[in-house]
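Following this line, the structures themselves.
Here come two complexes built around chain A, the first alongside chain B, the second alongside chain C.
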Partner chain A sequence: MEFGSLILQMLVFPGLLFTAVVGLVTSWVDRKVTARVQMRVGPPFLQPFYDVLKLMIKETCIPAGTSRWLFLSAPLFGIAAVALASLLIWRAFIPLGQTFSGDIIVILYLLTIPAMAVILGSFASQNPLASLGGSREMKLMLAYELPFVLAILVPVIHTHSIRLFDMLAAAPAVAKPSGVIALVVAMVCMQAKLTLVPFDAPEAETELTGGAYVEYSGPLLGVFKLTRAMMLFTMPIFLVAVFCGGIAFGQGWLPILLGVLKYLGLVVAVVLIRNTAPRVRIDQAVKFFWGPMTLAAFAAIIAAFLGW
Partner chain B sequence: MELLLNSMVLPVTFPLAAGILCLLLPKAFDRARAVLAAAASAITVLIVCRLLLEWKQLPSAGPIIFSDPTWGSLRLDHLSAFILLVTAVFGFLITLYSIGYMRGKERLREYYAYLLGTIGVACGVILADNLLLVLIFWGLVGLALYVMIGMAGSDAAAAANKTLVIVGGSDCLLMLGVAIVWMLTGTLTLSSIRLDLAGGFRYVAFLCFAVAALAKAGAMPFHSWVPDCGEKAPASVAAFFPASLDKLLGVYLLVRLTTGMFVMNTAMNMLLMLVGAGTIICAVMMALVQHDLKRLLSYHAVSQVGYMVLGIGTGMTLGIAGGLFHMLNNVIYKSVLFLCAGSVEKKASTMDLDKLGGLARVMPLTFGSCLVAALAISGIPPLNGFYSKWMIYQAMVDSSRNGNYLWIILLATAMFGSALTLASFVKVLHSVFLCKRSAALRHADIREVGFTMWLPCVGLAALCIVFGVFAYQLPLKVMIFPALDGVVKFPGAWYAGLATVLLLAAYAGGALVYLLSTVRKARACNTYIGGEIMEEMFRHKGADGKVENVEVTGVDFYRTVEDLPPMRAIYGAARRKLFDIYDVGGKAAFFFVEILRRAHRGLLPMYLTWVLAGLLVIWWLLLSGGRLMI
Partner chain C sequence: MSKTTIIPIGPYHPLQEEPEFFKLHVEGEKVVGLDIELGYNHRGIEKLSELKTFEQTVFLVERICGICSTSHPLACVQAVEDAGGVEVPERALYIRSVIGELERLHSHMLWLGLAGHFLGFNTVWMWAWRYREPILELFELITGNRNHYGMMKPGGVRRDISVEDIPAIQKTLDGLKGPICLFRDAVTDDPLIRARLEGVGTLTKQQAIDYCAVGPTARASGVAKDVRKDHPHLAYGRVDFKIITGKNGDVFDKAIVRILETLESIKIIEQCLEVLKTLPGPVDSNPKEIMAGEGIGTYEAPRGEVIHYICSDGGNRPLRHKIRAPSFMNVPTNQTTVIGQSVADATIILAAVDPCYCCTERMAALDAGSGRRILSSAELIRLSQAKTAKLKKEMGVEGPRLKI
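Here is the complex of A and B:
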């Protein structure tokens, strides 16, 4: 019984299906806000769904002479991991089952898998443009992972727990100055984790023609697009949960609305940054994350130890 | 009881006897020798299993200790049972792999003799309860390592010497430690010693033992023999010694030290944790920029020790369990990686990342097991490496409740270390297996290796998955938690098994939909590079006008990281071997030798002056002594 309900949670709510649907809606928000910034009308509400569905019925091309099974399965690793991460986050919001100590670490590691799937997929393409894209993705991951982990540790210091549920129960981290700094750092890292401008060097349409995705087509590309949309949903929700007290269910409509607004605020911030910033080179990105961002994260950690 | 003592001695004596037999077989029987060695190591596994079963059937399944006039005292408890079993199993797998890998090489007689002998003496280290016995077996393992590295030929001699100096030097410290412990307690029986760290001598003793354990396991700053050894020695030796056996023994001794012989205090735990975190990050940064596959893997062999030491340094039972589990996992995936490297070397005859490439298609089994092991070492859930790291992190957060604030930096370091590990394995996977074949290999006929070589790789890679998914049910519950006397407080499990089933369900569902419906009619097509033809686009004229291919081999992936301002200086210093204890130690020794040498110029007047000076000193001593007597 427990097992059946878990499968259901994984595949429908709050796992794969729910995350996919909300992710696609979020990507509609992204495209609509982008359009408004650029003085366009923007796509209709269902456009992201149409896009993914259309990719599903397109032909798949596989590069000659590559490891076929890796090329085919790389997108699936990513989508399964992000669905599982989303499931773990939502289990802390809504009592769907027991949460466990250390789930934050599991989520952090799971959230690196989509990037890794892109890298493996790009390498399996045997295309020099994809290889460059993959290597940039890896360097970007190296760059943001350090400040991101440090930023996530700030609420851990506040609550002395690595369990998401305890963080939701305690006062939100942003109530303290250290939490605010950490949130800002984490938001910048989130931008890079989503490979959005200014940190979109791995894809760089103008020079690498999509970089990592260059050889992907049809359903496999659709899965990658879907994974990106799901990440666009899961990452802000994770930050809302860790830093801002999450979305409180079971206390009427107002807290839920407030939670959704927090989430949308983060999403809109992501979209606005991506529309107003230029792309940075990969070495600039590495310097930026290992320099100022890491220092800021350290400052936040020291402040957190001092109780600020 | 008599039967049990015999079966306890047998894991030591049987492989030694088989090793001598291998040495005696004439050269014409090389094939038979290899099979005989594999059979003997398999029988050793059975002997160990029988011993463990007999021990389980005893009415009191606790630790048992024998005092025997010929053997000193022997002990079997849960910790040694666990390490013993893993040692025997890995001995068998490496011997099996050697059949194919070493075929046609020189000096096979000694190779198999030493391999089997090492299994025997390693079992001796684990079963001995007498410190002198431990010391002897421990030294023999180091000696076997020295000989087996040297077997690779003349260019391995320097690596072998370096190993002997560092490992042998640490053995001397171990000897000193044993002497101090004997002076303090008057006993050499390991199980009866329990010292608290009060007073200078006890610290010295602890540090002596710890240095020996860390040097054997390859933790910084005693690591520098591992990369040299890994690069020069045969892959099977690298997979057996620095990747598995030396980890097993080093961590075994460290756990014995911290949970048995000494009562740890906060300062010493902190020291261990600092060593651990430093090892993780420094070694993995070095691994990032290596160009030789086996050398790169060796740096990871160093880096992974960091996690084990970190776990043991938390002083929490959970952390020590995590450290032990990480050791087991590391032995599994690091052996896979070294063995895969050996298979690649066998087929492509090079370990230079620049000259490899495109092997995924022709060596699918090697590639698959290497991929799984690479992901496991990078701590990707739900593989085994993740589970043990996660236990260690938990223990670190728990130990923070004692007001231990440095942990947060160490935790971030350890977590960042896995990103760096992933990065360097991404480079390996790309440049060995996935990118286009290099010009040198383009027309080579490369096929998958024979089954004695891929079987250990695939089997162990499967174990990476099984131990990750059923971590709690299999290795932890059966082997590791019993090895620690204290009840391990497990603050909640991450449902690895369940999560994996879910991942697989998602995976299978997706695979079913996409693969069946679309991939069947998938078209294989050439890669798209903006309409250009790859061969033409990536061909440029070198400085001498010669046309050469420019491919993305992955070797330069992290040039960006290397060129960052502080990194460049650090890497420069590392290339000048400023962090190599062997090199620095050597320089220091020569400095003092040079000073002493100045006193020996071969001039008679100078020697006479020395004699006179000596006489004066003796005279003064006698006089002052006489005065004291008065």
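Here is the complex of A and C:
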């Protein structure tokens, strides 16, 4: 019984299916807001679902000379990791089961796996454009992980805990100045983690024609697109949980609405950043994350130690 | 990391939806070499032109390029008029200038949008093209067509700009000034745009002169070269405007030069409209025959100087029609500007000359098996000389009129 309900949680709620559906809805929000910013009409509500469904029924081409096993399995690593990360975060929100001490570290690890999957898939496909995209993704990952983890340390210092549930129970991190700085750093890192403009050098349509994804087609490409949509849901919800007190369930509708608004606020911030900036070069991105962002994260940590 | 790999940009690539092939030789992310390959879409326009009458030729050259679709006809009709000694009414000259400058406006806006797209800044793309839309509607009002205007003919223009339409044109132009200033300020103020464009793909003044670069590509490098000023034709001798030049010749300067040029274009159009309000007269001298002779027509197209040469034997068709489009001079500058830059910058550098491949297209004959070029340039010169000798024999002409 216990095992059966765990499988259900993983596959349906709040795991794979739930994350996928909400992720696609979020990607519709992204596309609609983008369209309005660019003075366009934008897609209908179900368009992201149609897009993924269409890819699912198309043919998969496996290019000659690829490492077949790696090429086929790379997208699955990514989607499994993001579904699991979403599950862990939501188990802290809704008391379905208990969270465990150190879950935040597990989530941080899981959230790096989609990028790893892109790197593996691109190198497996043996395409020069994909390899260039993969190497850029690797550089970008090395760049943003350091400030991102440092920023996540700030609420850890505030609450003296590495359990996500404790952060939800305590006062939100953004109540203190150090938390605000850390949130800003984490948001910029989130932009890079989602590989959105200005940090979309790994795919860069006009340079690399999609970069890492160039050889992928059909269901595998669909899984990659779905993973991206799920990340677009999971990353902001993670930041809301860590920095802004999460979404409080079981206290009436108002706190839930407030939580959803916090989440949508972060999503819209992501979309607005991606529509008001050009793509930066990969060396500029690395300099930016290792320079100002890391320094700001350190400043936030020192401020957090001082109790600010 | 000394292994060189080839990053293909083209023949079909989202960077530019035209058949061109840039072979970037890269070491890691650094570009160490560039091969430019054309010849995917050669149409033999010059040969086709010899089979058409002078009036038809104008429609043909209009279809060389969809964006500078009035620069080619303008240069062509001027060449015909030069060859055949045709007079053009003054009102037609002003109308030609208005159409030419409107074309520069929409072409530069189009480039600005594309440049934003290449940088991943899709908002600039959508906005620039949205503000370009009223210009196309204006074209529809004036000429009846949004893109291929069909306005030019030897001896004048096909349609008059009626005085009742002038306030509407003026209103559209006024509506454009705000957005253009917005783009100018956005490009100069945005630190991220500056970080991406400044010092990237620099073409020095000497290099611009050596490569015979034309148009905004040359002007951004500080070469104040503009047919409208150098050989005042049409109404350009009678209106007040500035040549915009840059200093550094990087992509940033090329963008700024283009944006500022659109403001100058608006200035020129406004002055022309002011004259058109009162200037009477026909717009077409309706020439019945073109005398024998040779003529050259030039016009400052949005991408630079376009040259048409027409040789007429007094019949109703050109004997020889030679076209030199501006991109033919500008695209080779990529071979210096792109070397040593990163792949990320290469795309915007290649796009910064505002290349037009259908203008630049030349024939290439390849052996399908080996991919080797069958007709090298030496081969082509030999073929050309053989043909000239054959023609001379047929026509009974002694030799070249010019002593070499």
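Everything that follows uses one rule, which is that the second predicted complex is superposed on the first by the 308 of 308 C-alpha atoms of A that agree within 3 Å, B and C clash if a C-alpha of one lies under 4 Å from a C-alpha of the other, contacts with A are read in each partner's own complex, and residues count from 1 in each chain.
Going forward, a residue touches a chain if its C-beta (ideal position, glycine included) is under 8 Å from a C-beta of that chain, and two chains touch if they have at least 3 such contacts.
Keep in mind the model is a prediction, meaning the values are calculated, not measured.
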Taking the superposition as given, does A:Gln38 touch the first partner, chain B, the second, chain C, both, or neither?
second
Between chain B and chain C, which makes contact with more of the residues in chain A?
B
Which partner chains sit in contact with A:Ala117 here, chain B, chain C, both or neither? Use first/second/both/neither.
neither
Tell me which partner A:Ser67 touches in the superposition: chain B (first), chain C (second), both or neither.
first
Counting only touches as set out at the top, which of chain B and chain C does A:Ala303 meet: first, second, both, neither?
neither
Examine A:Ile247 and indicate which partner it touches, taking first as chain B and second as chain C; both and neither are also allowed.
neither
Between chain B (first) and chain C (second), which, if any, makes contact with A:Leu129: first, second, both or neither?
both
Now for A:Ile282: first (chain B), second (chain C), both, or neither, which partner does it touch?
both
Just to be sure I read the superposition right, which of the two partners does A:Leu84 touch: chain B = first, chain C = second, or both, or neither?
first
Do chain B and chain C touch any of the same residues on chain A, and if so, which?
128-129, 132, 209, 282-283
Which of the residues in chain A end up touching chain B in this complex?
3, 6-7, 10-11, 15-16, 59-67, 69-70, 72-73, 76-77, 79-81, 83-84, 87, 98, 100-103, 105-106, 108-110, 112-113, 116, 119-120, 123-132, 134-135, 138-139, 141-142, 145-146, 149-150, 153, 156-157, 160-163, 209, 214-215, 218-220, 223, 282-283, 286-287, 290, 301, 305
Can you list the chain C residues touching chain A in their complex?
5-8, 13-15, 29, 116-127, 130, 190, 192-193, 195-196, 342-347
Which residues of chain B touch chain A in their complex?
358, 360-361, 364, 367, 371, 375, 379-381, 386, 390, 393-394, 397, 400-401, 405, 408, 411-412, 415-416, 418-420, 422-423, 426-427, 429-430, 433-436, 491-495, 498-499, 502-503, 505-507, 509-511, 513-515, 517-519, 521-530, 534, 538, 551-552, 554, 557-558, 560-561, 563-564
Touching residues of chain A toward chain C in the complex: what are they?
34, 37-40, 128-129, 132, 197-198, 200-201, 204-209, 275-284
